[in-house]
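Supplied in structure tokens, the structure appears directly below.
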Amino acid sequence: MGRFPRSILFLAATMALHNAYSAEVNVCAAASLTDVMKEIAAAYEKQSGDKISFNFAASSLLARQITEGAPADIFFSADETRMDDLEKAGLIVPETRRDLLSNSLVIVVPNDSKLTIASPDELITKAQKIAIANPRAVPAGIYTKEYLSSLGLWEKLESKMVPTENVRAALAAVESGNVDAGFVYKTDANISKRVKVAFGVPVEKGPAIRYPVAIIREARNKSAAEGYLRYLESENARKLFERYGFIVKF
Amino acid sequence: MWPTPVEWQIVRFTLAVCALSTLLIFPFGLAVAWPLARRRWPGKLFVETLVTLPLVLPPVATGLLLLKFFSLRSGVGRFLHQHLGIDVVFSWRAVVAAAAVMSFPLLVRSARVGFQSVNQRLEQIARTLGAGDARVFFTITLPLASRGIGAGIVLAFARAVGEFGATIVVAGNIPGKTTTLSLEIFEAVQLGHDASAYRLLIVCVIIAFGAVWLSELLMKRSALR
Amino acid sequence: MKLEIRQLSLRLERFTLEANVDLHNARTGIFGPSGSGKTSLLETIAGLRKPEMASIALDNQSFESTAQNYSLPIRLRRIGYVPQDDSLFPHLSVRHNLLYGGNGKSKDRTLSFEHVTSFLEITSLLDRHVQSLSRGENQRIVIARALLSAPRLLLLDEPLTALDAKLKDAILEQLGSLHREFGIPMLYVTHDPKEAIEICEEILMLESGKIIARGSPRELLA
């Protein structure tokens, strides 16, 4: 055997070994988790050698895609209803489901806005356009509607609402100045430099926000997914979640 | 089986908005198509490219440009807001704007072909008979180009009805205010309301039939038999 | 009529058309083989072509003067033009084609619609579609249309091509008496000696863009 074929053999062996050890985990996660999950994944990839790939979107869209057979290993939803839908359809591994996080809602306004909101009913007179994640489907919008309905304000504010695809789009709408205010999660307001919080919904008065996570039954890399799920409940992950403003439930 | 009142409102809204946008681009489309068809001038390539841009750019990218253009932070948006009390973004006006911009290239292309197909000899003969440029354009050029122009109008209208990417960026999907057929079908698909999506789909097919039938009717009535 | 063509120079594909003539006959012919520049000459007079250099005037009104950078717009020249190819407007009826240039009235003459249409025998065709006409009918209508615009000069470019002999003879007779009937002078282009002799008082003989002879058709062609 000459030098050339031997080095190819060596290369092939290394690659085979590498593949045996590293896997790719597909994570479908709510849009509001975009920044924190990317940072957690970067840390995990260094430690484990696995690769995490993401699909961030409104939980409703993700649930729909998974139902239609989109390849995913983990689903991290912003509300329980989307996860319930998948569980009823038998698409997740029920034993792996757990509530990891909670969040709180805030009203944000553009950074250069002079608007002050002492309470949500002031929106009736002070705002013409309010951005909100689509209240028909997206958890952030559903939570907002739940909250405003509990205050008897939903009907009065409904005509001002500008529904968006997901909560990050609502944030962007406020950042652009094309709406007067918007309802987003506190964690979204935290990462944006172009909006400021005008009013924070007190956690006790607000809707019960829960972020459940679970492994998809049809997952291709169950063991790698389990490994990542365990990492999400680790001390390192907790620190990152808290830094971004999430309320940690584990 | 039959569309709901909400769905009907969306259909009416879509047809009204698309008719308006097609009406708006009609004179401008002809005004651009004619010199492109007949003359050579410096900067022609630039104009041709500009007109073709909405065809080539991803619609959401065009929507982004429109969003920036009409944003309350921009010159145009601020002017409209302060002096005319008009907000374009997230209103029906944005729907019209998106439809108009996206369908404009189709009108121009077809109209241009229409104008190019006109036998210029006939225009010259008309001049020998005493017709000035305006009369030649309206009595000879336009009727003889009507097939291409008519096709352009139908295409533009159809494109406006099917418009989605730019619309959702600059107008948003606001029920009762900016929701068009395309946006509603998207929403229905997202929410799993397949029956509604199919109903609206059938309406789209009927609109397509209607548009083609209307264009055939206009062709028969007009210039060339 | 007085048509002055001075220092005309028009570059064509294979040669340069040149002319320096004064025409004053009511029925002048331009005779030559195909490709000799006859059509280009007519087009230049009508204003459909721009020569590199020329000074053209009709009845003392300047049409073209390259020296003074002046060119009278086509629509103001009041020249009737009957080209070789199809020139009826396909989207208009015969009647509307005829009336496009006017109904015969102008400040110096009056031709009535009835007179023109009956003379050229097209009264029965008025409501027909242009597509349904035969070539002979087509030509007569084009001539009538040009007449009804009350021109000062009529230019005809081989109007009898592609017509059968019997039809030719019929229309030839009408063309010959056109001036007598309506008082409009004409320039008649042809490559057929018989037509030239029958219709024209004087002809210019054109070859490769140059006028090589001028005189009575009978003398030059018989």
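Per-chain numbering from 1; labels A, B and C assigned in written order.
Please note the rule applied: contacts are C-beta pairs under 8 Å (C-beta built on N, C-alpha and C of every residue); 3 or more make two chains touch, one makes a residue touch a chain.
Bear in mind the structure is a predicted one, so any value in this text is a computation, not a measurement.
With chains as nodes and touching pairs as edges, the resulting graph is an open line. Here B-C and A-B were compared by C-beta pairs in contact; the pair with more is B-C. Placing every chain at the mean of its C-alpha atoms, the farthest one from chain B is found to be C. Separation between the centroids of chain A and chain C, computed from CA atoms only, is 82 Å.
Averaged Cα coordinates give chain B a centre that lies 46 Å from the centre of chain C. Per-chain Cα centroids separate chain A from chain B by 38 Å. Counting only residues that touch two or more partner chains, chain C has none. Of all residues in chain B, those touching chain C in their complex are 121-122, 124-132, 139-140, 143-144, 222-225. Per the touch definition, chain B reaches chain A in the complex via residues 67, 71-73, 87, 89-90, 168, 172-175, 187, 189-192. Only residues 60-61, 64, 67, 129, 134, 136-137, 161-165, 173, 176-179 of chain A touch chain B when the two sit together in their complex. Taken in their complex, chain C has these residues touching chain B: 46-48, 73-75, 77-81, 83, 85, 87, 89-91, 100-102, 129, 131, 145-146, 149.
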